[in-house]
Amino acid sequence: MNASLAVVAAPAVCAEDLRVTYRGRTVVDVPSIGLASGETYALLGASGAGKSTLLRVLGLLERPTHGRVLFDGSPVGAGDLAARRRIAAVFQKPYLLRGTVGDNVAYGLRLRGMKASQRAVRVAAVLERVGLAGWQDRSALTLSGGEAQRVALARALVLEPTFLLLDEPLSYMDPLLKRSLSLEFAAILAGEHVTSLYVTHDQDEAVVVADRIGVMREGRLVAEGDPDTVLGLPPDEWLAAFVGMEPSLRGRVTAVLDGLSEVECDGVTIYSTVQVPVGTSVLVAVRPEDVTLYVAGALLPVGSARNHFEATVAEVRPQGGSVHVTLERAGVRFAAAVSRAAASELGIAPGQRVIAVFKATAVRMRSEN
Amino acid sequence: MHVYVQAIIDAFALLLSGSGEVWPVIGLSLAVSGSATLIATAIGLPIGYFLGMSRFAGRGSLILLVNTAMGWPPVVVGLFVYMALSRTGPLGDLALLFTPQAMVIAQVILAAPLVAGVTTAAIASVPRDLRLQLRALGASRFQEAFEVFKESRRGVMAAVIAGFGGIISEVGAVSIVGGNIQGSTRVMTTAIVFNVNRGEFGLAMAWGMVLLGIALVANAALTMLQQSGTRYER
Amino acid sequence: MNASLAVVAAPAVCAEDLRVTYRGRTVVDVPSIGLASGETYALLGASGAGKSTLLRVLGLLERPTHGRVLFDGSPVGAGDLAARRRIAAVFQKPYLLRGTVGDNVAYGLRLRGMKASQRAVRVAAVLERVGLAGWQDRSALTLSGGEAQRVALARALVLEPTFLLLDEPLSYMDPLLKRSLSLEFAAILAGEHVTSLYVTHDQDEAVVVADRIGVMREGRLVAEGDPDTVLGLPPDEWLAAFVGMEPSLRGRVTAVLDGLSEVECDGVTIYSTVQVPVGTSVLVAVRPEDVTLYVAGALLPVGSARNHFEATVAEVRPQGGSVHVTLERAGVRFAAAVSRAAASELGIAPGQRVIAVFKATAVRMRSEN
Amino acid sequence: MHVYVQAIIDAFALLLSGSGEVWPVIGLSLAVSGSATLIATAIGLPIGYFLGMSRFAGRGSLILLVNTAMGWPPVVVGLFVYMALSRTGPLGDLALLFTPQAMVIAQVILAAPLVAGVTTAAIASVPRDLRLQLRALGASRFQEAFEVFKESRRGVMAAVIAGFGGIISEVGAVSIVGGNIQGSTRVMTTAIVFNVNRGEFGLAMAWGMVLLGIALVANAALTMLQQSGTRYER
């Protein structure tokens, strides 16, 4: 294999054998992580999971106890100012400096010795991109939280970084503002094509912004993949609880025909459109939103939903506007989310028998490793 | 209350007439404490800056050392400086005892730890995350330090004012090493002690009012600098 | 009308003509609010909406600028210690005092001069109820956030208050912990039958704990009712955005037959099982989760879903595990939440024509006032 | 360095022999500053408590007044007390000038604002929400005040220590109103000044070491009380 080709194929940002220890306690232990050029990678996890430490290490703001960080395949360190200047960051609090919005946004450019006239052009352009066109001369100290955070984003984007760090940028916002800003940030990040690491503890936020998601727990990367797989097919109890669903079922593919895989999970047969060779051990999951419930014994019309079987209601709890129903059949547990209207119509209560229906396209599946 | 009224009238008369030793003593006080503050700032500010910025093993001990130095009673500092400058002392050859220079030395020793200590606190109060943010925007070590300095300038000003305010009204050290020699080492505080005991209330009051004025202005400035306080919450 | 009967019929806690002004700025302006005995009333709103101020006024912790608070029909004030001792509260931070868990839980009992032996019995019982049986002798300062907050709840419940205040008790918790603690708190509150005021900015939390919800905005109570109505039938744009759905549709009932109301909304006909006289102006809404989408032109089988019509996709955005699709037909906007699997199968994209299907039972409706 | 070594040896000899005026002077210092601290605490603590707890119009001005009083130079306080106690002064009839009582009066005036100021800060640092929580658990006004006091007891201790540490090493005011009379009003600070100027380094060093010891212990206690700091974050 050609060495130069290997370098070209390397991810934009990656790290190997990372370990960070504070006073003998290991807070980050990540053998390998890589971000492809232009992608937004969301790092999810509870507080104290090591997300922010990993971000600081990848962003050359902190030296790891062990391991190294590579940009485009070349090792870089916290002392390397040129490498550091390819990075920009937005943190929880905007930490705006005294002065105008324009001064703040131009700060990084000034550090890099750019001329005032050039700075003004770049600042004007980036403020427009974050929806604050013409705000250059306002005082940075009179802004609302959402405005200040958009200025902080502009201050990072104006540097045209090759690697952008976002450390819980919306965690201090109201839910309402958070929702709208996360959409805004997602659109801006998608438009900039910048490789971004987005740390958050909020999966809704992660799903809105991310091309790929990694989940951290106690310093380790316990899951990684596209948002659908990570949030839709949790391999263990912890991750399932973390994303708010039942753990994935374990099964074995017993047949494949007509584009459908037939999976046996502890006596329940599930059909999926995901194609896996017969005999493979797989993880299977259905999002609660995709499961429809009917009164037990009802005659179901012929339809496109390939999966239907009776189950017993184990637990019922309201969640947001809908009702989360945990179902059990032969030791297999899964969940359905139904509207409050439907729940009261069906008289959903623990112990009741229902028919669960879901389409084969709604079944997520991957081979267990 | 007559005694106060009379003394204040006399004091104003003395201050306005500009005659005698009233103004020269004030001038010497300001010169001695001013130079001592300058030197103490030159020493204490870099130390405080370093202690406030860095994280290293032994930093805690150094801060404790500075705090301990802040706690030395002025008369004890005066005693040690006197002994150093006395004929048999290690610096006896310089023949500085009972000169303004001796008073500056004693006041530098009193003020420098104060400047260093307050500066340390001011610099350390700049949140670590703000410094992280500066670094993450591409600030070099030097640029980061400069910005931290700008952010904590109120605290650094407070350090200098606290140093000056502390030594201008100090009497123990200066009276020991200066000796209160008229026309040479008599400053406001030693002059007040000397003249009160001689019953010269008007003269003592003249310096007392000036000293009080300086102390209250310094105090007001410190209060203001503290209250305008931190805005890092946003 | 008999006066004593009127007193009996009065709500457990209520307030009239409340107004709180700070430096000329009105932060609470609530003409009337009442809590029925034993109910849990959740006060929802963004930060700064005046929720906590209203809680403090109702809890006799702060005097209103104008208006009065009544317990069981009798006016009470902040100076009335006997009335104050019928209240207990849990705040954002647990603020545990130095000492053991037992000391902390017993604190309010000690204030009331109860004997140590009696206190011990009550403390043991309440710690068991909050899931910390036997924790009396642990130091209160070594607890985790969730444990500390459960101690704070125990410290309030042990007083057997007739009115319990909870001011964002879970807002400093991790999402994971928040979810489990809100369920726990809901179960405990339901079991205690105590009249509770629960302030939060999180609607998921509100829905889990509340019998009734009030929404505050800029000091005013802008909506009030059972969770279904408040969160499912937002009358205006602001409330709709706040609860994360499209605003309710406005229409007029044109016919009622066979238990179904027929509602005309700007040229779209919607059927609902809610019974309202013909000619009534109504607000109508469907939760996105209840709307199913099909490819335009598909032949739908005969089924129980009474509402089906074509619409155009206006906007698509991911939200949690599903996709939020905003639909438009003849100026009427509503939304559907579909699984990611379904969205990709249907090829949902702005501008696409789809068939929206929902059941008449899923349509919420109330007459407009 | 010989001069220091010799003085320290002499100082230990004097301290250990227990003869002469070494220990009586130390005793008087502790007695004067101790009683002054007690009185200053009795005055300053309730004031600080009231200022820290309540919210009323004019509270800001009162706090400013306390801060201003903290800023008075000791020599100026000495001057005013001297004039009050002098034959022609309003309290001249009491004939307290050059007595330990006069020194106590001056030190109370110096220490009380300090105790009040530090207590105010300590009480005010108890979060309003903690007090709200206490009230919401049914605490009466008195019970609430008691608990707030318990929570801020470290700060209150710091206030008392700061007051004592400030006046024990003070020399300006005591030398003015006390007069440094052997066997009557000579305290450690005035004795050091007097003996250094007479070249009695051993004697001065004996008091200097004791004074330094007291100052450093007070300082260490203050640092400890501050660092054990607040845990209201949880």
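Order of writing sets the chain letters: A, B, C and D. Residues in each chain are counted from 1.
In this section, a contact is a pair of C-beta atoms (placed from the backbone, for glycine too) under 8 Å apart; a residue touches a chain by one contact, two chains touch by 3 or more.
No experiment lies behind these values; they were computed from the predicted model shown.
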Chains in simultaneous contact with subunit C and subunit D: none
Interface ranked first by C-beta contact pairs: B-D
Identity of the chain that, by mean CA position, is farthest from subunit B: C
Distance between the centres, which are taken as Cα means, of subunit C and subunit A, whole angstrom: 28
Intercentroid distance (Cα basis), subunit C paired with subunit B, Å: 60
Inter-centroid spacing, subunit D versus subunit B (mean Cα positions, whole Å): 20
Sites on subunit D at which at least two other chains make contact: none
For subunit A, residues that touch 2 or more chains besides their own: none
Contact graph of the chains (line, ring, star, complete, other): ring
All chain pairs that touch each other: A-B, A-C, B-D, C-D
Complex contact set, residues of subunit A against subunit C: 46-47, 174-177, 179, 183, 201-204, 207-208, 227-228, 231-232, 241-245, 287, 289-290, 301-303, 317-322, 337-342, 345, 359, 361-362, 364
For the subunit B and subunit A complex, residues of the former touching the latter: 127, 129-130, 132-133, 135-140, 143, 147, 150-151, 231-234
Complex contact set, residues of subunit C against subunit D: 56, 59, 61, 81, 84-85, 87-89, 91-98, 107-108, 111-112, 141, 145, 148, 155-156, 159, 165
Touching residues (chain side subunit B, partner subunit D) in the complex: 1-4, 7, 64, 67-68, 70-76, 78-80, 82-84, 86, 88-90, 165, 168-172, 175-176, 179, 188-189, 192-193, 196-197, 199, 201, 204-205, 208, 211-212, 215-216, 218-220, 223
